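Next come two complexes built around subunit A: one with subunit B, the other with subunit C.
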Partner chain A sequence: MACAVSTERPRASFDLDAAWQLAAQVQVRPERFGALLYHFGTRQLSFLKSPALLAVVRGLATQPSARAACRAADVPDAQLASYRRALGTLAAAQMICRREAT
Partner chain B sequence: MTAAALPLVEQFSYGLDAPICLTWELTYACNLSCVHCLSSSGRRDPRELSTAQCQAVIDELQRMQVFYVNIGGGEPTVRPDFWDLLDYATGHDVGVKFSTNGVKITPAIARRLAGHDYVDVQISLDGATAGVNDAVRGPGSYAVALRAMRHLADAGFAGFKISVVMTRHNVGQLDEFRALADSFGAQLRLTRLRPSGRGADVWDELHLTAGQQRQLYDWLVEHGDSVLTGDSFFHLSGYGSALPGLNLCGAGRVVCLIDPVGDVYACPFAIHPAFLAGNVRDPGGFARVWRESELFAGLRQPQSGGACESCAAYGACRGGCMAAKFFTGLPLDGPDPECVHGHGERVLAMADTAAAPRPAGDHSHRTSPRRDPVPLTLSRRRPAEPAQPPSARSGDRGPGVPGVVPRGSRAGGRPPGLAGPARAMLRECGVLAAVLAVTAVLTVLTPPAAPARAAGPARAVPAARELAGHPRSG
Partner chain C sequence: MADNPATELASEATEDVVADEVLVEEVSIDGMCGVY
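After this line comes the complex of A and B, so read on.
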């Protein structure tokens, strides 16, 4: 149920139009600055440095695409590239994974 | 400036709703008597938390989403309920990394551990050879640690940690440590010696010389990606480029210590009333201590760099380690005693080090090994003592034989007073320097409209540089 394969592309090619979700072994702890993510499998921590990014990450599982999750979290189009990069980092760390892969 | 715009390190310095990780020493009991034990362990404290009380703490950590704890001691595995507490924690979303001298790691236990998804093991070893290790950790302790490593490797436990406290005598063995770790498929973890617990007694003789600090720094710069450091060498960042990690004193901000009786201290190296924030048995439990204690609130206020503020390296080293300053008698807003620019040494030379606060709560064994000088007037050494081991030297006398132990005698040979293999009382120091126990990836949003954003590689983007900062360690 975890990300079956860690074949996520490098950050630059994170697919905003694909469906994503939090990996099964990941827990989210909200903090003032955003959130802490912990992956119980890889023992990695990630820090989400904005509450908006937390909202995006939380929306992934119910939105048809990462782009839609950003839109639902009121991310301005001008910042989409930043969010794409951030999501790409999370994908590379296996914190989030493609939904159809599970 | 919004909260989200602050650099992560500053966010952390103002504290979190719960620790990122915490050190939990389960018992002061230990089979060893390491000369530098940070918690002066040896004898169990009768007030130690019961199994039910430990489980209640775990429940609370689960509610607070403390993702994992670093368990130490003492030697935690000598608690009869240790393996059950391990299962209880991992069954309640609290991962466990525990430090051990290996004494209880049998083949069966190793197999059990290998089957655990959320358990990491650190075997403490303070020399790549028996001679160097046993001088600090006691006779036979090297063999016990190596045996445990073999059992773990045989059981298929990949990636356990070999945890080394850097001393004057093992800093030359860095490559050997790494080769040893490689041979077991293990990972090397290096941490700093602090003048905490019994470490205060041996710090003068064992802490790195200035030249050795530079040697360690250069080695870490070259090999830092493959070793863990518990973030404990951030004072070395004063040399120039920052080492991997948060480079932040996390005491009371992102880390803390729960000691065996439930007392909560700002960090594992600060067992002293001055850093005592409360007790998990107080009303409101650990959460209230973490969130409301006056001590922690104070630590989360902006700190003064004091005498260090005018130093160009202050931004990198942040004045160094609070505990190291405290137990060497230096002011907390001044240089670290091991300041790489020599400021600490200069202040130390003028300071009244005899007035330095003594570590509190000594649980050392009362017999072996002898730690403190004993008045010669009590000396009643028998002339004929047949069982004296051949390696015994002056200052290295058997237990129950009072004699003055010169401080310098500990560094070179065996710890004073350990009598020989027949009574090899092995003990673990529970060395847990952890700030963070895992690799971490910073997820940073590039500020909107940053002009450099369009410029290709991630490292060229200012905010993305932080992506390369791995607050990894542990």
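After this line comes the complex of A and C, so read on.
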């Protein structure tokens, strides 16, 4: 599925209640510390330094929102703000992108 | 100066940056030489 186009700055205002997905040009390599994400278009690497964040990223495609993906990955409410910023960083790097809700 | 709101805000902002760095780190391989 293609990414939805957005002109907003994702890192500054990441929408936890929107539906997101891993970008089509991104390959995920699980590691002990979390995962490596490589974007074949931008030639950028992102290190996910938490297995839980990898679970969140993987859950984005099947959950109705990023918030739901965090809940499904058992992210504590107290850490939700940190995960929101981390997802915003990934969105700004085009590793994840908005998808149309189904 | 622990009661200074500005100091507290600065401290929180620093903690936010640290938390982001712990969860996600970005690297560009553009310009790197070698085999890949």
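By our rule, the second predicted complex is superposed on the first by the 91 of 102 C-alpha atoms of A that agree within 3 Å, B and C clash if a C-alpha of one lies under 4 Å from a C-alpha of the other, contacts with A are read in each partner's own complex, and residues count from 1 in each chain.
We adopt the following convention: contacts are C-beta pairs under 8 Å (C-beta built on N, C-alpha and C of every residue); 3 or more make two chains touch, one makes a residue touch a chain.
All figures in this text were calculated on a predicted structure; none of them were measured in a lab.
Is A:Arg32 contacted by the first partner subunit B, the second partner subunit C, both or neither?
Touch partner of A:Arg32: subunit B, not subunit C.
Which chain, subunit B or subunit C, is in touch with more residues of subunit A?
B
Once chain A of both complexes is superposed, is A:Pro51 in touch with subunit B (first), subunit C (second), both, or neither?
A:Pro51 contacts subunit B only, not subunit C.
Please indicate which partner A:Phe40 is in contact with in the superposed arrangement: first for subunit B, second for subunit C, both, or neither.
Only subunit B; A:Phe40 stays clear of subunit C.
Name the contact category of A:Ala24: first (subunit B only), second (subunit C only), both, or neither.
Touch partners of A:Ala24: none, neither subunit B nor subunit C.
Of the partners subunit B and subunit C, which touch A:Ser82 in the superposed model: first, second, both, neither?
Both partners.
After superposition on the shared chain, which partner residues are touched by A:Leu90: those of subunit B (first), subunit C (second), both, or neither?
both
Pick one for A:Ala61: touches subunit B only (first), subunit C only (second), both, or neither.
So A:Ala61 meets neither subunit B nor subunit C here.
Show me the subunit A residues, by the header's touch rule, that subunit B contacts in one structure and subunit C contacts in the other.
Common to the two interfaces on subunit A: residues 42-50, 53, 81-83, 85-86, 89-90, 93.
With touch defined as at the start, can you tell me which subunit A residues reach subunit C in the complex?
Interface residues on subunit A, with respect to subunit C: 42-50, 53, 81-83, 85-86, 89-90, 93.
For the complex, give me every residue of subunit A touching subunit B.
11-12, 27, 29-34, 36, 38, 40-51, 53, 76, 78-79, 81-83, 85-86, 89-90, 92-93
Help me check something: in the complex, which residues belonging to subunit B touch subunit A?
Residues in contact with subunit A: 3-4, 6, 8, 11, 16-18, 20, 65, 67-68, 93, 95, 117-118, 120, 436-449, 453, 458, 464, 467, 471.
Taking the touch rule as given, give the residues of subunit C at its contact with subunit A in the complex, in rising order.
Subunit C residues touching subunit A: 16, 19-20, 22-30.
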